[in-house]
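Look for chain A in each of the two complexes below; its partner is chain B in the first and chain C in the second.
Showing the complex of A and B:
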């Protein structure tokens, strides 16, 4: 099977996956014991419940509801919130909560990449030295810490940084920011000002916020959310380097007289990156789940927080819509992963099956 | 494993009958070991049966089991709080009354803990002796591939480190009632129906007070005198190895009981998920084609749902219903973990199972006319089961984290049943104060245990398959080990 038809096959397979995943969500949301009408008007109002049922279409037979639900989801009609903000479109809710989560997710991937991979490569290039053991063991412990616990620790340390870190004050460092507050991302809506009004856009702490302030606010949460991936990237990076450095083609290149620097960058480094691809894309999965806990601890009102609130208040349609979005994100990241693999590694498609 | 020489092979039973001495010796040793802890052993079994019975609709025989449990408590047992008590009071002259040999409660408790762990390690050693004797006296082959696996594990320091951590955790969970300085029932569930004695300086005599009242006087809330830290006594002469919770309950007792429920959830859901995955892996590897495709789609769909979010969703949807109250909510968690984790296992088993199904001996068995079921059980399963162990070890840590994360959010296991995440949540405001222990100790323990499970998983993988080193499926492995992002 050529690699592109392998990729095509994966693409086609993702359709039933989305269908089936959405069906599971429907079953969880609609077949569960919660009566959405009662959740809206309260138990003591039977006529009200009956009327709401009528309005929501809950009196229709189940298969009809199922078909409606699926059609709505697949035409991207995500419906409305019933309980949290009654009558508000799921779209507009997501649109107002999502940017902070995306900002958080983006930085947690980037920070994890820029710390994890270099550390892993360092450990792999200096195997069995003190530095390697320190980095490897640190990575293992770092990965094992529960995210929410790490977040609690970090918050406490930062809040009391004046006392705990020898007078270093986190909230006044560089720019003044609060620790337990969502980042202000309004500056992103005026990207042109990055050039026309650079000081305000990059550094200042005005009403629109700035790049630096938003980055500083999100950094602790991003480090926590990326901690597991950081550990994984380190570990895989280390083994990948060790495997490549001992492989025949590196041996050959060395025998041929390729200089050390070129050997590392051209022959070792590039090949060692291949096994890291699924780790990086697999992060999307961890981020979606982990965002609930991390956003709760750091008081960031993002998608994870919205989902948690919706679950607590039994806002079923919003829950369904959010789950559908999460399914789409996961499936498309998987497709992206396959695409990257297909582009990077010509061997894909031949060995599987 | 292999039955190639079936015509000359004598069944193990006959081999033991021919030379019964080592087997009898081993059995006698095991019986002695069992006898000293027989009461606790029966207690655990009755507890398990009781838990299972309470899940059934009409509680058949629950009362009989409960009375049997009470009877089991009166069986003399070596390592109990009854025999080595650590609860007592200190008279004005500084003497301790009511503790083991008049020792200070801390040392009485420590003695019990050391003895329990020593007991567990003696058992472990006895099993090792049993294995060696089996190899020496009863096994035909001088060498089997399993021996290499064991040898590799014996020289794998990192895996052994993990094994010790995991064993310490298992012992903590298994001996939870005897390890705690006090009991869950007296200290956590119903403190106002239990009494504790203490020496009252004002009236200069011993007084009785409910545990609940004593708890109110030994809270840990950070500021000033309101703190009972690790390895200290409260005003009522009670010893707290890990300090107290914000409401004055003993943290160590809480942790030990929480370990029990976490481990229970983890093990049962692993068993179910492992069973589904193995059965499916056999079927898909044997029949291939459409069966495989259907399993791929199903597992991909389930894997596309983030585990933690499904847990939150299900806790919300099924909250306050009968199913959420079964075994304090653990049954619901077990169900969700089983359903969401089998695809990870199946993914891990699929490759090896497919490889095995291509082997010649499978072809041979088919043409020989063996039933598919027999082929799968006898000729495929033994080669695949090792991979299950690797993933089981990695997943257990993830499940413990996920359960803790869920109870941190206030979902999952219903209070007042102890769960580690709830301690972390309770201690959150006090992390940087004198009461740091409430949040930090549970977190450190989770980290240690997850490190232990990961190390053990690494050890088993390297022992089973020394060439693998990482493998390709590390993405899924990582997701599992991280508890789906909790």
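Showing the complex of A and C:
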């Protein structure tokens, strides 16, 4: 079996996974103790509750509801919100909340990637030196700090930065921003201005916000969200480098006269990346779960925050839709992981030949 | 490139001469003298075997010759002199400052002409180009080592399963060597890689060149590794237990391949193994190593017919099938000691069936086993066998003290 038919098989196999996951979502949402009718009209109105139940289709047999739910989800008909913003399409709600979460997720992956992996590779290439000990110890500490604790700590330090950091004022640094407010991403809707009107787009703090301001606002939350993965990537990266650099094929390459730089870049790095792939893609799961927490602490009204609200308010269709989206994200990250594996490691998919 | 320079050398000239090599590993607990004063020569077109138990220092010797010793290991002293005109002229070109001109000099004059950090020694000039001379690998800095590695001395490792990089095709890895040492690229390199795979008898080389190592069997991989070494056009090939991980039939094929290649290309080979049977197949001369030292050196037939050192005798006795009808295989009692102190006695004496009192107080040096045998030496107080025991012990004591003084200077 070639690498590509292996990848195709993984793609097809993801369909039953999504089916199964969506079924679990249905069970969680419909069989749980949540009564949306009561949430809509209040507990003191039994006739109202009965009427609403009928309107929402909750009186139908469960299997009927299940089939409807599955058909709706798989035709991407995500339904409407019942409680949070009654009558509004789940689509449009997600569309208005998602950009901030994507912005947060993107930077938390990128920051972790670009700090964690180089640090780990540095430590692995200079084992048992001061720099290695410093990076390794940092990695463990960073990994060990729980999200919620780090988030609160960071917020409190940034709010009091004037007093704590010898007059360094986070709010006024570079561009003036609030600490606890969602980033203004309106500048993203006019991407052309990045070239036509660069100063406004990149740095100014007008009504549309700017790249720099949005980045600065999201940075603390992104660092908190990416912290665990950063520590992981650092530690796995270090081990991977050490393992690869002492392997026989690197010795062979050295013995045939490959020079230092080419040895590291060609023979060591690519092999060291293999164990890092699942770590990097595994972050997506953390991001989905972690964003609920971090968005709440940093007052970023993104998807995580919306999910939290939907769960609290028994907004069943919205809850189901969001969980379905989370499942899709998870499954597609897994597929991305397989794709990366297929690209990096030729041995993938070989065993069944 | 290299084929343009004439290789006019009388057959049997020395290609590599290892002189009193000492390599040690420094750990927190102790200093392990893995290689402790090893000397041997390799002549053109010759196969020199190094045989010994696990832990006797065979592989460390090989790695020291390649300059592959990594921290916490270090070559303490001694020289690994490699004689090859191409390598020498390239190293001299790029390192004029660290070249010693020793043409026509000898003895004290020679010592004066050599600076502390010189590593290339030119004995004869041809205009501005060095015509003859050698490079001392132990002194070559890391930046210059890669000129030497592959092209001068290539190496084949023990485990063919792990000595190819799993994420690149076999062709890619051979082409890398071709690019580094012959300047071939693109289509030209691919064709040469296919030729090399054919030269090591890999069938269907055109297709194989685009395959990954995991698609090769063990014996095929070792062939590919040999092809990769040949792509460097080396003068000397070091084989560190190249057949140990292979089964017996494949082993025989690889040995045959190596001797064919040697004949075709005039390679010199240093062959390391713990398998006496393999040695008998391939080696011309044999060095027997024990605890970091060479205890016996002789042409291979001589070792098998007339072993002198008690250790060599024990090794040969322990080959299965030597004594048919016996219930148990013969062994040498005990283990190889870890050489962590400078030797003041015979390191083999605790296991030696013929040990006597002086074995524990005098360190034996390599001496001819008797007056007639100039190419058969043993480091054992029993030899030279035509002297009385007292005078033989005295010879060893005196020569040991001499070399100690030489070291201290």
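In this section, the second predicted complex is superposed on the first by the 348 of 353 C-alpha atoms of A that agree within 3 Å, B and C clash if a C-alpha of one lies under 4 Å from a C-alpha of the other, contacts with A are read in each partner's own complex, and residues count from 1 in each chain.
Note that a residue touches a chain if its C-beta (ideal position, glycine included) is under 8 Å from a C-beta of that chain, and two chains touch if they have at least 3 such contacts.
Note that the coordinates shown come from a computational prediction; the quantities given were computed from them, not determined experimentally.
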Q) In the superposed model on chain A, is it clash or fit for chain B and chain C? A) fit
Q. Just chain B (first), just chain C (second), both, or neither: which does A:243 touch?
A. first
Q. For the overlay on chain A, what angle lies at chain A between chain B and chain C, C-alpha centres, nearest 10°?
A. 80
Q) Given the superposition on chain A, which partner contacts more residues in chain A: chain B or chain C? A) B
Q | Touching partner for A:123 - first (chain B), second (chain C), both, neither | A | neither
(Q) Quick check for you: in the superposed arrangement, does A:282 touch first (chain B), second (chain C), both or neither? (A) first
Q: Could you say whether A:253 touches chain B, chain C, both of them, or neither, answering first, second, both or neither?
A: second
(Q) With both complexes superposed on chain A, which partner does A:49 reach: first (chain B), second (chain C), both or neither? (A) neither
**Q.** Contacts of A:234 with chain B and chain C, given as first, second, both or neither
**A.** neither
Q.
Looking at A:293 after the superposition, I want to know if it touches chain B, chain C, both of them or none. Which is it: first, second, both, neither?
A. first
Q) What's the minimum Cα gap, in whole angstrom, linking chain B and chain C in the superposed view? A) 15
Q: Report, in rising order, the residues of chain A that make contact with chain B in one complex and with chain C in the other.
A: none
Q: Quick one: which bits of chain C touch chain A in the complex? Just the residue numbers, please.
A: 66, 68, 142, 146-151, 154-155, 157, 159, 162-169, 173, 176-177, 180-181, 212, 214-215, 225, 228-229, 231-232
**Q.** Complex interface listing, chain B residues touching chain A
**A.** 296-298, 300-310, 312-318, 321, 397, 401, 404-405, 408-409, 421, 424, 428, 431-432, 439-440, 442-443, 446-448, 450-451, 454-455, 469-470, 472, 474-476, 478-479, 481-486
Q: Give every residue of chain A touching chain B within the complex, in rising order.
A: 13-14, 16-21, 24-25, 28-29, 32-34, 140-141, 143-149, 152-153, 156-157, 159-160, 163-164, 228-229, 232, 235-236, 239-240, 243, 275, 278-279, 281-282, 285-293, 296, 307-308, 311-312, 314, 316, 319, 323, 326-327, 330-331, 334
(Q) So in the complex, the part of chain A that touches chain C is made up of which residues? (A) 247-260, 266-267, 270-271, 274, 344-347, 350
